[in-house]
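These notes open a run of structures that come right after.
Okay, so chain A shows up in both of these, paired with chain B first and chain C after.
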Partner chain A sequence: MARLSIEGLCKGWDFPVLDELDLQVEEGEFFIVVGPSGAGKTTLLRLVAGLETADAGRILLNGEDVTTVPPYQRGIAMTFESYALYPNMTVFKNIASPLVARKLDRHTIEQKVTAVAKLLQIDHLLDRKPGEISGGQKQRTALGRTLVADPKAYLLDEPISHLDAKIRHELREQFQTLEALHTVGTLYVTHDYSEALALGDRIGVMGGGKLVQTGTPRELFDFPSHAFVAQQLGQPGINLLMTSLTEDGGKTYLRSRDGNLKLILDEEQRQRLNGRSNAEVLLGIRPQHIRILAPRQKAPAKHQMVDARIEQFQPLGSMGIAITRAHGIDLKALTPPEAAHIGAQEVRLAIFSPAFHLFDPISGKRI
Partner chain B sequence: MSETNYKLVRGLLLAFLGLWVLLTLAPFYWQIITAFKSAAETNLTVPTFWPREFFPENFVAIFAEPANFSALVDSFIIATGNTVLSVFLGTLAGYAFARFPAQAGGENLAFWILSNRMFPPVAILLPMFFLFDSMPWGTDSYMSLIILYLVFNMPLATWLMMVFFRDAPRELEEAAYLDGYTPFKAFFKITLPLVLPGMISVSILCWIFAWNEYLFANLFVGTAVKTFTIVIPTFTQGSQTLWNLQMAFSLIAMIPPVTLFILLRRYMVRGLSLGVVKG
Partner chain C sequence: MSTLAQDPSAVIVMTVSDPSPKWFTGRKKSTLIVARWVPLALVGLPVLTLLAIVIYPTIWMFYHAFQNTNMIRLFRNDWSYVGWENFATIFQSERFTDSLQNLVLYLTFGTGVEVLLGTIIALILYEVVKSNALRTVILILVVLPMMLPPSIVGVLWKFLLTPSNGAVNHALLNLGLISTPIEWFNAGISLWSIIIADVWNWTALPLLIIYSGRVSLPPAIYEAARVDGASGWKTLTRITLPMLKEVIAIAFIVRFMDAFKFVDLVYVMTSGGPAQSSELPAYIAFQRGIREFNIGEAAAYSIVIFAFSAIIITLFLKYLKKVLKSQSIA
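This part shows the complex of A and B:
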């Protein structure tokens, strides 16, 4: 039995936000919903928490229908994007709040709050007020308030999106090591794909009011079911080009609609495209599958060579992004940071053809 | 701007402000010195700007008359009773308008309540008198003025409290729900403490209005109940005005609101800046 199960959830105001959304969070699972801003991620969390009422559909917690149960009886804990710390209370009282609501005795409350604060390394801040601590510490306090509640499920709304990079990485590690989050069931919402890939046991990509695809990070990254999913995951974003299928001299090509880029398909890909009435194909190539060859370097196996010119190069420390132009088509390529051949404007690209992603240009679905 | 110009502008500004302060304080000064003059000295053809002889007996005379003291007590009862009621009702209504605008009648109802303060009060003076006369609490009673002043104070309290509640983030209440508090408890535990400074400033405004009100008190009460505002004019009698007693009594009546203001000025500033300063 799933810990948290959402069936056909609908919610809308003047326009639909959630449209028959289905979702299952298994016992002990860390499930991440990723999607662009405005996709309805926060609405989903608010519905699960009971802060909004569903237009249709059911929310089951441990098999029990809680769709109409008010938030204070659901036994769900949530962190808000804005942290929502009580400004007039100390860090201690903020964390203790769910325990005070349950009227636990003072000794137990003190014990539990101190333990959680130690775990989150904020035990030296317990007497301060939220206005006197940093953003990262506020997030830890908000997290402490949810952890101490010992809920049936955790909901985390963009918990680390507004923090600076260093603290974001610290907290990301913390999410991986916090046992509580991995024992009941956690629904975590973010717009940052790298958080999703790094933290999620499973990921759901949200778009158009529902989850377009759910699966493990590897599944989603390597086999996106939809061009939208491929676009959401990966930085720099996937190269998407409109192509049409052509035959020439017994070989099957994809020829770009603009420009004149021709890429050969292998046998397996050719078979996948067999029997399609439409000759148009949306081709996706991840930047890490495009390499820039040094002069006179031979193409590695299973790579296709394409002449190109480097238009722009962004060194990013541990890697570089080259924006190249090949036969009138812009292609982003992931390179080593110190790509020495960058000085030479005219280069050859090696494209790893087995990793081509083929999508239907109209439905966006994977072929 | 050159150094000389800067000094000139600054000097002019200070001169203007000085004049302003002088104009504001002059009546107050006159009130104080008159309160310490003898009756004879107040009636000189050429007024004196400093009492020739200090005459504190004026204050003794005020309290020698028990009706004067009981007028202050009556004013206090009415002002406090009305303030409690206004702030209580205004807080509930303001919360509803801020959090559930659709269910509470929306912007229009909220604005209608505020618009109650826009007509000239004298326009409803007589209708209200007859209306109140037929009510169980009648006129010439504490209840009559306590309820009547709601007409002026409750819109103010409702509107200001609505603004304060709008400033208090809704997410804090929602976080409290998830902590396990019912909406009722969340309101008292989380939201009310956040708007407390605003509530205090609203209370001061209501209290001072009810304390100072003259027009309605003059018509509604006067026998069983007397506020000090209708006692002060009685020092003006047929042939003469007892300026010294009048000023002494008004000076005494000024003490409670001024003290209140000085003690709670921190909240007043916040209340008057209406959500510009966030808690």
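This part shows the complex of A and C:
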């Protein structure tokens, strides 16, 4: 039985924010909902928390229908994007607040709060007020308030999106190691795909008020069921080009609609496109599958060679992004950062063809 | 017009090569936007006004507080230095100590009730009244008394509280709450009449301040409280009121400062009577100076009031600064 299951959840009639959304978080699962801002991720969390009422559909916690149950009786705990700490209370009192509301005795409260604070490494800050601690410490306090509640499910709303990169990585590690989050069930919302890929046991990509695809991070990254999913995951974003299928001399090509880029399909891909002759195909190529070849270097196996010209190069420390123009088509490529491709240069690209993503241009679905 | 029509490129030259019109820069040596005397005049006039109506009278007051000035001596120009005599007169007079007592009553039951009522109504308005239109209507109705001039308020309440056939007594008698009309302007009660009128007149000010403070509290905190399971009462006492503490203090200070110079309703409603029983210090200063022409003593009264209010308000501000600092707002 799933920890948390959501069935046909709807919010908003004229302009639906959520449109018959289904979702299951299994026992002990860390489920991440990722999507662009305005996709309704926060609304989903607020509905599960009970801060808003559903227009249709059901929310089940441990098999129990809680759709109309008030927030505090649902047995969930939530962290808010803005932390929502009580500014007039100390860190200790902030963390203790769910326990105080349950009227636990002082000794138990003290024990639980100090244990959680130790776990989150904020035990030296317990006497301070939220105004006197840093953003990362505020987030840890908010997380502490959530952990101490010992809920049936955790709801985390963009918990680390507003922190600077270094603390974000620290907290990301913490999310992986915090046992509590991996024992009951956690619904985590973020717009940052890398957080999703790094943390999620499973990920759901949200768009149009629904989950477009759910699955493990690898499934979603390697086999996106929809062009939208492919676009959401990955930085720099996937190269998407509109192509049409052409046969020439016994080989099947995808020819770009703009420009004049021609890419050969292999047998397996041709099988998939069977019966679609002369049809349009939306082709997706991840930047890491495009390599820039050194002069006179041979293309590796299963790679296709394309002449291109480097328009722009961004060295990013651990990697570089080259924006190239091949036969009138812009292609982004991931390169080693040392490769100083400054200024317009004529190069050859090697494109790894087995990793082509083929989508239907009208429905956007994977072919 | 005609030159533009002849040469359309002239327009382009003007707008492109010279985006800043000529009048922003001086033509020759000076690059001043305006002549040198203009800023001096703009700042100087208010400063002169301030000197004339605030600073000069203040200095004048401090000087005459130590003189035996009255109206005749003032016109004859023959006042003389009397040291602390004016202050001694004040502190020895029962009239002053009585008025201080009245002031304390007025501060606790006038200003205090105004802030208390303002807080309660503001929170009810925010938490209970859900319709925006209704909220606006109530706010307008509540604010109306504040817009009336105090003299009108005084006359109005004098009518309402008239012992025989006044509206208030009439209503109370008809409701059976009292059996004989209350003598609203007798000794011992007349101060309360003033306080009632003042509460009616000024409750809206703290209400507005506290209402706007409540509006600006972040909603996420209340949602966190709902998830935590905090009851309505706990939310009020542990979250709303502590977070509004500073705003309430500010509302109190604003009314407090007004209380020290509070003269108008006393003057209109009771003239301090009967038998000086409803006088406040500022009213005595007004009486002694403007009515009885004892300018030296009135000046001394003003200084005493000034000192009192300065001390209390400084303490208040210190407290406020401490609170704000602890929440790292200031």
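Please note the rule applied: the second predicted complex is superposed on the first by the 358 of 367 C-alpha atoms of A that agree within 3 Å, B and C clash if a C-alpha of one lies under 4 Å from a C-alpha of the other, contacts with A are read in each partner's own complex, and residues count from 1 in each chain.
Everything that follows uses one rule, which is that a residue touches a chain if its C-beta (ideal position, glycine included) is under 8 Å from a C-beta of that chain, and two chains touch if they have at least 3 such contacts.
Nothing here was measured: the structure is a model prediction, and the numbers come from that model.
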- prompt: Put the two structures on top of each other at chain A: do chain B and chain C fit, or clash?
  reply: clash
- prompt: So, does A:S97 touch the first partner chain B, the second partner chain C, both, or neither?
  reply: both
- request: Determine, under the contact definition given at the top, whether A:F80 touches first (chain B), second (chain C), both, or neither.
  value: both
Field: Partner with the higher number of touched chain A residues, chain C or chain B
entry: C
Query: Touch check for A:V33: first (chain B), second (chain C), both, or neither?
result: neither
Task: Have a look at where A:N88 lands relative to chain B and chain C in the superposition and call it first, second, both or neither.
output: both
- prompt: What is the contact status of A:P71 with respect to chain B (first) and chain C (second): first, second, both, or neither?
  reply: both
- prompt: Should A:E132 be classified as contacting the first partner (chain B), the second (chain C), both, or neither?
  reply: second
Message: Based on the A-chain superposition described above, do chain B and chain C contact any of the same residues on chain A, and if so which?
response: 49-51, 70-72, 76-78, 80, 82, 84-88, 97-98, 101-102, 145, 149
Task: Could you pull out which chain A residues touch chain B in their complex?
output: 49-51, 70-72, 76-78, 80, 82, 84-88, 97-98, 101-102, 145, 149
Message: Which stretch or stretches of chain B touch chain A in the complex?
response: 169, 171-172, 174-183, 185, 190, 193-194, 279
Query: Where on chain A is chain C touching in the complex?
result: 46, 49-51, 70-73, 76-78, 80-89, 97-98, 101-102, 129, 131-132, 145, 149
Statement: Within their complex, chain C touches chain A through residues 218, 220-221, 223-231, 234, 238-239, 242-243, 245, 326-329
